[in-house]
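In the two complexes that follow, chain A is the common piece, with chain B as its partner first and chain C second.
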Partner chain A sequence: MSIEVKGVRKRFGSFVALDGIDLAVPAGALLALLGPSGSGKTTLLRIIAGLEVPDAGTVRHDDADITDHAARDRQVGFVFQHYALFRHMTVGDNIGYALRVRGAPRAEREARVTELLRLIRLEGIRDRYPAQLSGGQRQRVALARALAARPSVLLLDEPFGALDAKVRQELRQWLRNLHDEIHVTSVFVTHDQEEAFEVADYVVVMNQGKIEQVGTPAEVFEHPASAFVMDFLGNVNVFQGRVERGRALAAGLEVPYPQYPHAEARDTAVYVRPHELAVESEPRAESESLEARVVHVNPAGAVVKVELRTELAGQLLNAEIDRERFAALDLKAGDRVFVSPRRVRVFLPDYAI
Partner chain B sequence: MGARRRVLPGFGLSLGYTVFYLGMLVLLPILACFAKASTLSFHEMADAAWTDRARAAYLLTFGTSLIAALVNVVLGLMIAWVLVRYRFPGKRFVDAMIDLPLALPTSVGGLVYASLYVKNGWLGRYLVPAGINVAYTRLGIVLVLVFVGLPFVVRTVQPVLEDVDPEVEEAAASLGATRLQAFRTVLLPALLPALITGFALAFARSIGEYGSVVFISGNMPYKTEIAPILVVARLEEFAYAEATAIAVVLLVASFALLVAINLLERWSRRHER
Partner chain C sequence: MTPDPALRSEDAPFRLQGRLVLGEAKGLLDSLRKQEETLRGGDTFPIDLSEVSEIDGASAAILLGSVRRLRDKGVTCEISGAGEGVREIVSLYESATSKKPGEPKPQTGMIVDVGRGTLALVLGIKEVLGFVGQVVIEALGVIRRPQTGNWRDIVPIAERSGADAVPIVVFINFLVGFVMGFQGAKQLKMFGANIFVADLVGLSVTRELGPLMTAIILSGRSGAAFAAELGTMKVSEEIDALRTLGFGPMRYLVLPRTLALVLVAPVLTLLADFVGIAGGLLVGVTSLNLSVAGYWQETRKVIHAWDINSGLLKAVAFALVISLISCQQGFATTGGAEGVGRRTTTSVVSSLFALILVDTAFTVFFRVFDL
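Up next is the complex of A and B:
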């Protein structure tokens, strides 16, 4: 079932949580709402679930307007950040709850619980209470409980937020596989861009109650739509500089930037991702490379992360170089190197010509 | 062999104090009570404590206390709910008023209730002609016991209700439960241990209540005479041993009931490891 959100607004007192949201989730998609805290992503999720009423705007499932439907009538499965399991019920009773309140016969309920326990690979814990489970197990039980009544939409609020790194990684892949298996239209909220990119078909980046960008992970990563998205995706070097006549100038460097051919110079921030920063032991021609010193080297990973400080401005930079290159350069803390951006990104505020 | 070291100091001292305190304030008087009663032979004791009049008094005491405690569970839950879930002007005032029955001498409460409900009292002048007699009836006893026991339920349920995660109710709603279903299947079980504890406290308080009942019940033997009043009546006849025999019956029955309620409460917490 597809979801369509149109013109949704929501205020809490003087705080504007959602400021005109338009979003379409195609049927069967797995979509991530990504943004910092306070960006409105959880509020949007709760409005889709019917746990919050929008001040303005509509929510549709397929072609039906469900804006005024109560949560219980929406056929939505909701997984809460802190699981919200019923503590006084066993795992089996938790999972069977949706069928119980619908008055399903006991045999049908039991069969469905067995099926879901198999799906979450926790067959042995049917008679335990939530207090006796680990965080990862609780998360999976919460998911099974949300799926029990075969909802047409699955919503997850920071599903892996409260788990440690290893369990998180496992559950991400597991959720992705599960979605490929059951194909229910799913939306999950996260503030972790890595999580969003790894799990989702589509990523929606939100900021201050607005949507900054919607796209596939590749689109969003390769073509950030705004300085905010660029910043939020994180791990990027920012230079203060300007653009003019098809070139970007920052920190004494000149890099081609054909997107801005105008003669009028504009001050702007220039973004360079760590893997787009070349590190060399010899300088290039003047205004093509910056002298810097190695501050710290982190060789643990597929790429080597090098922290640098520019000699001129004393600015800290992050660079990522592949292992062969690292071996050839033989970098240590204190070494003198030269860096040059292979590619820069500039975001100019809208301007009228 | 060295003494086992404890991380928190003061165990010996605090346990010693606890035992001494319980012994002096609770156990010793109870023992004295049993000792006095045992000056009677078993038959004399049975005759003193198991007369028709005494049996009527026990039944009345436990019956009215039970009804009052049950009423309090319902009212107390409602009041706790209003205090926890809603914001309204004067909320703090209402919150403070809950404890008033604890501070007020219960005899004052009983006097005021009696004066309200007698034939020419503020309420009695309308109720008595309508056939509703409160003063000097069992209904009146239940009424003052509800008054006396109310704070116990409210104050045990309130903090537990505050701790109930609203997400749990939202989860029930998103899983398709109606408000009523969510209340019955999710909220009530979470509150059950606190409700049972509050019930036990209100019930125990009511069994021992004397001051307020003495003014509203009229103390008619077989009709509105509760067991504690019967004890006093026997004392006034200088039948000390007989009085303590009745007290022993009250004590044993109360203790048995409280143990049973405690077990029930423990059972309602079985899901907490």
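Up next is the complex of A and C:
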């Protein structure tokens, strides 16, 4: 079932949580709402679920306007950040609960619970209580409970936020596989961009109650629509500078920027991703590289993260280089190096004359 | 230009010297940063400018930015000793940095406080009325379709709020009867009207003290428990989970609690009446030379069915008040474990307040209609 949100606004007192949201979720898609805390992503999810009533705007499922429907009439499954399992019920009762509410016969209920326990690969824990489970197990039980009544929409509110890194990684993969298996339209909220990119078909970046960008993970990462998205998607180096005549000038560097051919100079921030910053031991030609000193090296991980401080402005920079390059350069804290951006991004407000 | 921060003793001022100009700004910034890192809320950090001969805009801005960050952290930070020229520049920047634009100054003063308080009270009453309305609608829904109600939970809740409360209800009400009798005995003895202790205790216990003391115990035991249970479910999102799974939380949580309390309150009140009279009897027999049969006879003579029934009527009303207030408080809980504690306290205080109000209303009503 597809979901369509139109012109949704919501305020809490004087705080504007959602400021005119338009969003369409195609049927069967897995979509991530990504944004910092306070960006309104959870409020949007709760409005889709019917747990919150919007001040203005509509929510539609396929062609039906369900804005005024109560949560229980919406056929949604909701997974909460802190699981919200009923602690006085066994795992089996928790999962079968929605079916009991709907008056399903006992035999059908039991069969569905068994099926879901197999789906979440926890067949052996049917008679245990939530307190006896680990965090990852609880979250899977919560997911099974949300799926029990065969909802047409599955909503997840920071489902892995309270879990440790390893379990989180496993569950992400598992959620992706599960979605490929059952194909229910799903929306999940996260503040972790890696999680959003890894799991989702579409990513929606939100900020201050507005949508900044909607797109596939590749689109959003490769072509951030605004400075905010660029900033939010990972630590990025920002230089204050200007653009003019097809060049970007910042911190003594000069880089081609053919998107801005105009003669009139405009002040702007110039963004360089850490992996797009080349680190070399010899300087290039004048104004093509910056002299810097290595402050800190973090060699743990697939890429080596190097923290640098430019000699001229004292600005801290982050660079990521691969292991071979790192071995060749033999970097230590205090070394003198030269950095040059391979690619820069500039976000200019619309040019109005 | 600046002293080594390590040399600064606990409360000695942070002394700046010489010319604070653009060329030195980086050093100033670094040393202030270092200081900022070591300080936390509650510390004091006086800055002495008496030995600064010259300051420019850049340094003043850096200095005041640092002061503002420290004050935001809760550090007491005062600038002192600035000479004429230095003070002028600093105050120029102070006015520009101290006010954050766009943030209205919070209003204070008695009239504003009274206004806010009144508004909060009115909104609170509105919330409670809205809640009662929802409960009534849900109750009507259940009456129309009884199979949609949550009947399974009534018995366990009634057991917890009723049967488990019997010992404390018996104990407290026995003592209340006993104390009443004792206080009355001394006065009545002076007139030789010993036997009227039975009238005094019997009437006040059945009409007033039995229902009221029982309700107070219920609000402390069950009302607090309801608020805490529902509050915990609210903050752990279990109530939202119920809503998405298809059960209205009113129907599932509030109605069984209300019904259970309404069922047990009259029973406990009857028990309270009985042990209260027994308390008075003990006083009569031990210190007023009355016989058990005589005391009982007098009690039977003075108490009519309406005296007991009016008490039971009150008990039902009290149970409704306690249950609705505490469930409403539970549902209104926000802000984690701390919020649960706060709402539980509020629910008991509001219940006690409402109990006395309702009791007064009953008394006036009964008096006016001469019941």
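Going forward, the second predicted complex is superposed on the first by the 353 of 353 C-alpha atoms of A that agree within 3 Å, B and C clash if a C-alpha of one lies under 4 Å from a C-alpha of the other, contacts with A are read in each partner's own complex, and residues count from 1 in each chain.
Methods note: contacts are C-beta pairs under 8 Å (C-beta built on N, C-alpha and C of every residue); 3 or more make two chains touch, one makes a residue touch a chain.
Since the structure is predicted, the reported quantities are computational estimates derived from the model, not experimental observations.
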{"item": "Fit-or-clash call for chain B and chain C when the two complexes are aligned on chain A", "value": "clash"}
{"item": "Touching partner for A:H82 - first (chain B), second (chain C), both, neither", "value": "both"}
{"item": "Partner chain(s) touched by A:A131 [first = chain B, second = chain C, both, neither]", "value": "first"}
{"item": "First (chain B), second (chain C), both or neither touched by A:V101", "value": "both"}
{"item": "Which of chain B and chain C A:V53 touches, first, second, both or neither", "value": "neither"}
{"item": "Which of chain B and chain C A:G314 touches, first, second, both or neither", "value": "second"}
{"item": "Touching partner for A:R145 - first (chain B), second (chain C), both, neither", "value": "both"}
{"item": "Superposed model, chain B segment overlapping chain C, candidates 23-31, 41-49 or 131-139", "value": "131-139"}
{"item": "Chain A positions touched by chain B in one structure and by chain C in the second", "value": "49-51, 70-72, 76-78, 80, 82, 84-86, 97-98, 101-102, 145-146, 149"}
{"item": "Of all residues in chain B, those that touch chain A in their complex", "value": "165, 167-168, 170-178, 181, 185-186, 189-190, 192, 271-273"}
{"item": "Touch list for chain A against partner chain C, complex", "value": "46, 49-51, 70-72, 76-78, 80-82, 84-86, 97-98, 101-103, 145-146, 149, 314"}
{"item": "Parts of chain A lying in touch with chain B, wherever the complex brings them together", "value": "49-51, 70-72, 74, 76-78, 80, 82, 84-90, 97-98, 100-102, 129, 131-132, 145-146, 148-149"}
{"item": "Residue ranges of chain C in contact with chain A within the complex", "value": "26, 147, 236-238, 240-241, 243-248"}
